[in-house]
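Here the structure is laid out as structure tokens; the discussion comes afterwards.
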Amino acid sequence: MIYLTRKEHFNAAHKLARPDWSEEKNIEVFGKCANHNWHGHNFELYVTVKGTPNPETGFVIDLKKLSVIIREHIVEALDHKNLNLDVPFMQGVMPSTENLAIKIWEILSPLVEAEGCHMHCIKLYETQNNFVEYFG
Amino acid sequence: MIYLTRKEHFNAAHKLARPDWSEEKNIEVFGKCANHNWHGHNFELYVTVKGTPNPETGFVIDLKKLSVIIREHIVEALDHKNLNLDVPFMQGVMPSTENLAIKIWEILSPLVEAEGCHMHCIKLYETQNNFVEYFG
Amino acid sequence: MIYLTRKEHFNAAHKLARPDWSEEKNIEVFGKCANHNWHGHNFELYVTVKGTPNPETGFVIDLKKLSVIIREHIVEALDHKNLNLDVPFMQGVMPSTENLAIKIWEILSPLVEAEGCHMHCIKLYETQNNFVEYFG
Amino acid sequence: MIYLTRKEHFNAAHKLARPDWSEEKNIEVFGKCANHNWHGHNFELYVTVKGTPNPETGFVIDLKKLSVIIREHIVEALDHKNLNLDVPFMQGVMPSTENLAIKIWEILSPLVEAEGCHMHCIKLYETQNNFVEYFG
Amino acid sequence: MIYLTRKEHFNAAHKLARPDWSEEKNIEVFGKCANHNWHGHNFELYVTVKGTPNPETGFVIDLKKLSVIIREHIVEALDHKNLNLDVPFMQGVMPSTENLAIKIWEILSPLVEAEGCHMHCIKLYETQNNFVEYFG
Amino acid sequence: MIYLTRKEHFNAAHKLARPDWSEEKNIEVFGKCANHNWHGHNFELYVTVKGTPNPETGFVIDLKKLSVIIREHIVEALDHKNLNLDVPFMQGVMPSTENLAIKIWEILSPLVEAEGCHMHCIKLYETQNNFVEYFG
């Protein structure tokens, strides 16, 4: 079993605030992340798949194909977007890094399976100093 | 003459779009950066000052003092903010990285002079792949 | 289950040398790290906790709270200190990166549990080219 | 159990192309990586071993010894070499990053065992945006 | 005057060896870089242009346009290529990082001028530990 | 004229404190850096030389030779050392990053001249967030 990771990135705006809470409570819980007028990040996304190398090519998966899958289904939907307003699969979901990683897994996992390997990990950096990992 | 650089960072939302242009023209000129609902970045700011080391301390400037100046006057104003809506010194200014670097210079330069050294360069990363430098 | 990581850093001096060994034996075993007059590093610390995201906030743990815990209990004790002389919890312990990571785990684990999630990994870089990981 | 990682690097040329396939098929499957005249990379190699710290030294393994093992047996064989032509242990093997990582594991694992600890992971970066991991 | 930098990268093979010298002399002068069967690198290219921001857009140059220019004229010609054999503008030129940077300047400078700004610097990393800069 | 940079690194301990000042005054001026028992850093050193590429080799200077010069004259003297106690050329000098960069320039400049090129810049990182540059 070999684990292969591809890194992609996207830039997006978001805010962390519940519409069913007062602004005071949102600021108390989410701090500066609740800023009414949004803030944003350069997100770095690491997608790790696992499988056995194909004996003819030595590849777990064609990296270019993996990159295209991530770009078409994730980067296209998130890059230069507002995670709260512009992204269909994040509607009704608090756009924390945790929840975003889970949603990315749910979208990519069947696409990766269709290529003959398995999703292992979604690792998502929000800043240089914090990231989340989800293993399904 | 010694050049001393301090790195700080802030996360902000912005969009590049002129209110006096149509949405079509804004998208034609600014592309995805014109997204109506904003996008954002992890900005990295490098402030370089120059001077002669103090013979007693060996310092061009006390780094902690420089860091406090940058945080109080720049990071406080920009971090987790919307560059178009929330920042007084960016009102009426297109929030390109170029213009933001110039504004940061204008604010920091007299504060650095007051500490006995000179501003040399504002270097501002918008993403890992592009940055601007301004030397006054 | 989601894994969340926070990065902090501290600068410290140490030496690797046993007082019950001769200087010759210390140099033979520990090389330059046994230098009598100390040397030092910029340590980078990655603390990974795991848990299920809170349904209201989307957070495994409030990152700011995790950062405060690490800074108050670890960075405060280690930053700009001598690991052999200045750190109560390292007394009588060889300050290898391995042993330092274990001690950091022992201190942080109950504090993280008290916040409703679990410690998963302490990853500690001594230089850009070597680091240790401890999973309890 | 503590996991210790050492990073080394080497620069090498390779191409991905099967001699039993036509040039057209090689380009169709391997794309630019099939370029007849080779291309190359700065490979970054992370070797992770695991064990219990020695009570006298606090070390899982002497890092300098681990570095010497990697340099003598891997870097010496791969640095400034052509992976298809110059490397005895890659003869007859498609030099994908996946296959190279497996071969490195096979060489290093017994050498690490002889030092009293266990191989845990070979992580090999081909570019900043893709890497593989092999756990045996 | 504002300086704007765009980073791109390419992977290539090369060797440093003069055909009019013996293999012994080539190895004496160029060391491992003279390996007959080539070696390679992940090159990182930083292109810095300078100009005054357009008052309407705040841009020195449209970054996407700059990126397209670099990719079409430089990356397309060098990526996954052999610098000695495959690159028309390197024919008869020793493919040192120094000479490659000069050639990249010569190609890009008129293209950047045609966009209304000036070339300032070509910075080219061959490895993480060495790079060259050329200012024309 | 081409500028060539080589990066090296060393790990050292130091403290910033004047023996002719009281401990109170040292702490007031130097803060945590005055810790009596030392602290330390992973210093990163960038040495930039300038010259015209040799027409036969394409080199401003043989990088391996430059690396050997830096290692023998600087890294050997500073690595795993105490900058206040162990380094002859720092005796009587406050070991600030500014002063250390100046001393490194003074040592390397004639050695680089002897190789037929000129010293351009010493850039020295003390931490990821601060560095100094000296141009003679």
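Here the chain labels run A, B, C, D, E and F in written order, and each chain numbers its own residues starting at 1.
The rule we apply is simple: contacts are C-beta pairs under 8 Å (C-beta built on N, C-alpha and C of every residue); 3 or more make two chains touch, one makes a residue touch a chain.
In this text, all values refer to a predicted model and were calculated from it rather than measured experimentally.
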{"item": "Chains in simultaneous contact with chain B and chain E", "value": "F"}
{"item": "Residue-number overlap at the chain E/chain F interface, same or different (half cut)", "value": "different"}
{"item": "C-D against D-E, pair bridged by the larger set of C-beta contacts", "value": "D-E"}
{"item": "Far-end chain from chain D, centres as C-alpha averages", "value": "B"}
{"item": "Centroid spacing, where centroids are CA-atom means, of chain C and chain F in whole angstrom", "value": "28"}
{"item": "Centroid distance [mean C-alpha coordinates] between chain E and chain C, Å", "value": "41"}
{"item": "Multi-partner residues of chain A (at least 2 other chains)", "value": "128"}
{"item": "Pairs of chains, among all present, that meet the touch criterion", "value": "A-B, A-C, A-D, B-E, B-F, C-D, C-F, D-E, E-F"}
{"item": "Residue ranges of chain D touching chain C (in the complex, touch as defined)", "value": "1-8, 48, 53, 56-60, 62-64"}
{"item": "Footprint of chain A on chain D - complex, ascending", "value": "16, 18, 29-31, 93-99, 101-102, 128-135"}
{"item": "Complex contact set, residues of chain D against chain E", "value": "9, 11-14, 32-33, 35, 37-42, 79-82, 85-86, 127-128"}
